[in-house]
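You will see chain A twice below: alongside chain B first, and alongside chain C after that.
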Partner chain A sequence: MKLMNDRTLLIIFAAFVLAAPLIFAPTGAAYPDLLQRFAIYGIFAIGFNILFGLTGYLSFGHAAFLGVGSYASVWMFKLLTMNIIPALILAVVMAGLFSLIIGYVSLRRSGIYFSILTLAFAQMSYNLAYSVLTPLTNGETGLQLRLDDPRYLDGASVEGTLPSTNLFGLEMKEVFWNPNILGYDLQFNYGYYVCAVLLIASFYIAMRIFRSPFGLMLRAVKTNQNRLRYTGINTRPYTLTAFVISGMFAGLAGGLLATMDPLAGAERMQWTVGGEVVLMVVLGGMGTLIGPILGAVFIKYFENIFSKINEGVLHSWFAIMPEWLDNTLVAIVSPFVGKGWHLTLGALFMIVVIFLPGGLVDGAKRIGGWITGANRRKAKAEAE
Partner chain B sequence: MDAILLQLLNGLDKGSAYALIALGLTLIFGTLGVVNFAHGALFMIGAFIAVSFSKLMEISKITIDPDKVDFLGNPAKIKTPYVIEWFGNFGHWLVEWSVPVSVLLAIPIMILIGIIMERGLIKHFYNRPHADQILVTFGLAIVLQETIKLFFGANPIPQSSPDLLKGSVDFGVLVGFAENTIIYPLWRLVYFCFSAVLIASVFAFLRFTTFGMVVRAGMEDRETVGLLGINIDRRFTIMFGVAAAVAGTAGVMYTPINPPNYHMGMDFLVLSFVVVVVGGMGSLRGAIAAGFLLGIMESFASMPLIKDAIAAIGLPSIDQIIIYLVAVVVLLVRPRGLMGKAGVMEE
Partner chain C sequence: MSKLIMNRRGLLKSGAAVGAGVALPTIFTASSAAAYTNEPTGGAVTLGFNVPQTGPYADEGADELRAYMLAVKHLNGEGDGGMMNTFSSKALQGNGILGKKVEYVTGDTQTKSDAARASAQSMIQKDGAVMITGGSSSGVAIAVQGLCQEAGIIFMAGLTHSNDTTGKDKKANGFRHFFNGYMSGAALAPVLADMYGTDRAAYHLTADYTWGWTQQESIQAATEAKGWSTVANVLTPLTATDFSSYVAPVLNSGADVLVLNHYGGNMVNSLTSAVQFGLRDKMVNGKNFEIVVPLYSRLMARGAGENVKGIFGSTNWHWSLQDEGSKAFVKSFGEEYGFPPSQAAHTTYCQTLLYADACERAGTFNPCGVGEALEGFDFDGLGNGPTHYRAEDHQCFKDVLVVRGKENPTSEFDLLEVVQVTPRAQVEYAVDHPMFAGGALGACNPGS
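What follows is the complex of A and B.
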């Protein structure tokens, strides 16, 4: 029994994404900047999942492609035009080229060697961007827009302010509709909807890949690569394609980050960023369609919320309790919030890997099965 | 010639740290078959044992100096560490030699931490895929590093070596060069000697004791050793503790060279992994050789002479990325690493 078919899933997903400024309003996350990050990291995680979820190849180096995407699109903003279309195209193409080279080398090995190789490449790109390639990347300061950039298509800006990114004249930052619904002040901006449309498109592509013979082949690689080899199939073209596709998604995400804020720094290439996308995919549920997006939203949301909680906020939460209990609770909880968010994230991640290898999606399924009694029926069927 | 020798020496201390961490990683991988991403965190915990010990030694009784006032006119305070008040000269000695003394402290603590880690967490991951092992130890590394950050803050905490070992030694004179050509900090020499002794003792332990023999046999064929009625799991657990102790003491002794901060573990881990892979997964000798090799190559690549030579042929400077370049080349030319055995983690 399938819960729903793909078309319904896609429609529900699209509706949800498009209505996100409304849906997230009660959670306090409905401001454009954060929503845009949800969508961008969602795209990043979807792409990563095509590699890790389907083939089982664990890459720690995808931050490099994110960084390449950002640099490529900022260069487009500097040289050509502030329109985001050429920037995004170049970001995807450059990230694709990079991932082709890195993937070609790294995929000669598998398992732990692959992870370490990608890690080494990411660190290498980071160091290169930081030091040697300074003419291209502007080193420590990061690549920024300047007033005297040529921008051949736009012409030089006259008014003496930096132009902002746009899509055929629609400025990304511009809020086009600012209604007040149910007492919430909602903001709909163009930037989010560009990201949202791309997120839906990415989701659709991922879905097609999951259902295709190509996707099936990737799953076979994960299950038993040796058996595939013995049957005379060369698996490398398949894994390399998956690697390049995921690299292009990462490049798109990097390009979109640059459209939010036309600035690219080397720290975007550091391997901890690559580690973060691993956390997102595993937390959400690797190898599932919706899991990576869930993981991305979860991490970005709680990062935003948790890091704002300080002791004062905690005291106001526990104010109804007696003072000694209030103080103890604050003392217990405060290391995990505010600056300690990464501690919570690490602990949560460990718990998920240990007890719930399928991630949040698997957890939801188990709880769902528990409520509807599907688990009992299944156990019964197995017993018979 | 003297410049080459100087770079060789410069590479040694970093190489020693790489080799020690890589040795521990390889021990764990060779015995238990687990890839431990939290190994860098053990190095860092070792460093913070030294920090805590020296802080402990510096807890002072504050008395007021009757004669002097500070610039605001308040009476000046004299801090006397309690250990000095209690033990006199021995106390002085403890404060000054806090870093080497904390090695003694670190060994039992690290063995204990290692055993708790193995029994409490990693034991449950033997039958799960390598990716899961990487993920869970990666999570553990984050937790450990953030916990340290919580207690010690994000800034590096400088540690000093004992006064006796603080200066530099004119190494050139010892080997027959002119004076003042090769000046080398004494503590780095100590660090190198320390790591050489540590490495030698780990090898001797494996080579010449019955315990070590059983462990080596278990590394070859765990099942058969188990069938002979030997509790190989317990011995492997102890080896995990030993590996943790090696990483921890390496961290303790490294504190005067580089002030410890909470993310030093991760920084060293990435490089140590590269070292292990270059040396060959599962080969102890390979790990040591590759550790020193990469440390030395790193220092040579930053040598002005070589930098100029590389710039002369039109290439950008490579001192930042030499290690990764070497790793990529080695893996492409000789995929199992310099001294890797056939069949170990080929897939």
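What follows is the complex of A and C.
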């Protein structure tokens, strides 16, 4: 019965993800780059949730694995081939190795000390990428593809143009279907569907981990690690495995970022990125399956759509109103959009944390309960 | 417990999925085959203004945005026309570009390559921008330039002073009006040699990224050619705010000049720190200790206050210039916003006009056509005297201003005085100059 439900959930989730270019059209977010970001940061948040949601270990260092994944991918594009498969594999492997080392050291402590250790490692990686390892990372400018890169496995490209990242010839940036549905100009793009398939796969893996005995053990770590130790269980291998798995998810996300847009910059490793994924998970609902993805979509939507609303756009919204009202409304609203998007996001985050401690999923649950409860009462009234 | 979650979620999701399923088979039209990315088809053309609105360069970004909005006004025939009246090319009519009304979208780069590229991508994919311009950091400019090259969009660089933007990272779809580190060195070194002598020992503090490195390299080469020696070059993190530990060792190093390859908030802090240490009152090697800031801006000078008095640097443009173009620009910017424009505002305004003019002359928005119109273009009347857009690396060549912090400023805007207008010939260099070598423009990319 339970498996059935999981399967239904997965199918519905897959359908939702695959139809995203259509579903997001009315929100203005249905362009390939943002949809890709939704999916990629969804993967990042899913992985982070395996560590944070299940074991309760709060890591601020996952940005480092995201960055490692990106650098690994771009180097694969530079040296081997523009096919994305080797790039993604190396991204996951490198991030896995890094997380093994960092996790091995950091997991000797728990709680706040663990968080600080991971933060320190992330900051260290950032500084390494930013200046010390400049030959490898190209410092602040970021690692980019160049015309004279060797790309040993690829044939010669067209003179003077950079080849695109591709999956056996399907170019990631290509829009393969560009229909006009219900007045919306939709863009179905190969890159997004690569991300989408990987997101669904990640979701499936996360679901299996949540339901497995291993997942149960991780929850036990969160609930009471001391009691586990007293019963003679060594928790370290479990937490380390969770750490490495979430690191590999982050590496995959980083690799995908570089795959969709072949550039790796040091700021991808900055602690703010590591903090952002914490926000995504908490906002969406930590420890739930779907929550982190919702959180990722929410934050990326704000970052990319709200920050674009300038006064001109506001004036066009309120154009039907009399001019004095138009100007007043614009004056009231404009501090909260455009460059003020951080402000709105912060306020919303506070509201969510105060009133919906379980995140957006908690909110959906409450609304759902309210609807079903209301329905039940209605049915009862009709029966009488 | 978990069963309940599934059901509710299922309900929400299946609702959405059903909606999607119903909408899917409805009418759809085949996409028209466009000749190039975001070919404008309606009565309007969209430009993308991608500037830092938050972060360390937010001041510059805000001023750039003001200039962009002013340029759009002038292109659409509103306002007094500004530098369109003094521009040597008369292709612009004040009726938009190629008869299409100019509209714009704005974005926040956050002074981060990633955010800048995401913002530019959304302008290209969502808003249909046919040209992207902006950037107040060389790292960001280079990253966005790379993106525009791949997407088939013209990139008109804003405030970016690194040699790499039109050097090893140059791109066929990218164009820069602003000057660069090499030009600063070439303009500044002779003035410094005149003022401070030819036997100076310089100590460099350098922002640790592409702009800092290339500017430091340029200044070192130019000053050493005049007989100076370089004692040390210390790299400082861009995020540093306290420079006292970097300034303290300078006095005992034997150097008698401190060169601050810093910009924005970095420069304000490091200069303040150096002045507080009393460096400028010291005598070293029998000479008065001096400080030099190779890249100056009025916004920075205002931040550093009293400390900039008498300090030399170079700048792309200054509002006190008395040519017709500058006067027209300062007048219309001042009437619009109530204060004079910065060099960042000037270069972005020029870039917008130059792009629009190139479209008019090419008769198309196609990046390849526009690129051809810009390459090798000679123009005048935009505040820098006769200017040349070099075809080989898409760098503008024009006079460079050497400025000095004013001893007796008459207003809060009157902080710099122009010491010398260095003629263009003195700051020109060969395309294959070692500081710019290693990159290739590649072919212009019109996209799909």
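Simple rule for what comes next: the second predicted complex is superposed on the first by the 347 of 384 C-alpha atoms of A that agree within 3 Å, B and C clash if a C-alpha of one lies under 4 Å from a C-alpha of the other, contacts with A are read in each partner's own complex, and residues count from 1 in each chain.
We take it that a residue touches a chain if its C-beta (ideal position, glycine included) is under 8 Å from a C-beta of that chain, and two chains touch if they have at least 3 such contacts.
It should be emphasised that the depicted structure is a prediction, and the values quoted were computed from it without experimental measurement.
Peer 1: Which holds for A:364: it touches chain B only (first), chain C only (second), both, or neither?
Peer 2: The answer is second: A:364 touches chain C but not chain B.
Peer 1: Which partner, chain B or chain C, touches the larger number of chain A residues?
Peer 2: C
Peer 1: A:179 in the overlay: touching chain B, chain C, both, or neither? Say first, second, both or neither.
Peer 2: second
Peer 1: Go through the superposed model and pick first if A:16 touches only chain B, second if only chain C, both, or neither.
Peer 2: second
Peer 1: With the two complexes superposed on chain A, say which partner A:62 touches: chain B (first), chain C (second), both, or neither.
Peer 2: neither
Peer 1: Is A:151 touching anything from chain B or chain C once the two structures are fitted on A? First, second, both or neither.
Peer 2: A:151 contacts neither chain B nor chain C.
Peer 1: Would you sort A:33 into first (chain B), second (chain C), both or neither based on which partner it touches?
Peer 2: So A:33 only meets chain C here.
Peer 1: Would you check which partner chain A:130 touches, where first means chain B only, second means chain C only, and both and neither mean what they say?
Peer 2: Both partners.
Peer 1: With the two structures laid over each other on chain A, which partner does A:78 touch: chain B (first), chain C (second), both, or neither?
Peer 2: It touches nothing on chain B or chain C.
Peer 1: What residues on chain A does chain C touch that chain B touches too?
Peer 2: 127, 130-131, 342
Peer 1: Where on chain C is chain A touching in the complex?
Peer 2: Listed in rising order, the residues are 2-3, 5-14, 16-17, 19-21, 23-24, 26-31, 53-54, 58, 104-108, 112-115, 117-119, 121-122, 125-127, 138-139, 142-143, 146-147, 149-151, 164, 169, 172, 208-210, 235, 237-238, 439-443, 445, 448.
Peer 1: Which residues of chain A touch chain C in the complex?
Peer 2: It comes out as residues 1-2, 5-6, 8-9, 12-13, 15-16, 19, 22-23, 28, 31-34, 37, 127, 130-131, 139-142, 144-148, 158-162, 164, 173, 175, 178-182, 186-187, 261, 263, 265, 267-268, 288, 290, 303-305, 307-308, 310, 312, 338-339, 341-342, 364-365, 368-369, 372.
Peer 1: Can you tell me which positions in chain B touch chain A when the two form their complex?
Peer 2: Contact set of chain B toward chain A: 35, 121, 124, 128-132, 134-136, 138-143, 146-147, 150, 266, 270, 273-274, 276-277, 281, 316-318, 320-321, 324-325, 327-328, 331-332, 335, 345, 347.
Peer 1: For a test of understanding, state which residues of chain A touch chain B in their complex under the given definition.
Peer 2: Counting only chain A, the residues touching chain B are 56, 58, 105, 108-113, 115-117, 119-121, 123-124, 127-128, 130-133, 225-226, 271-272, 275, 278, 282, 335, 340, 342-343, 345-347, 349-350, 353-354, 357.
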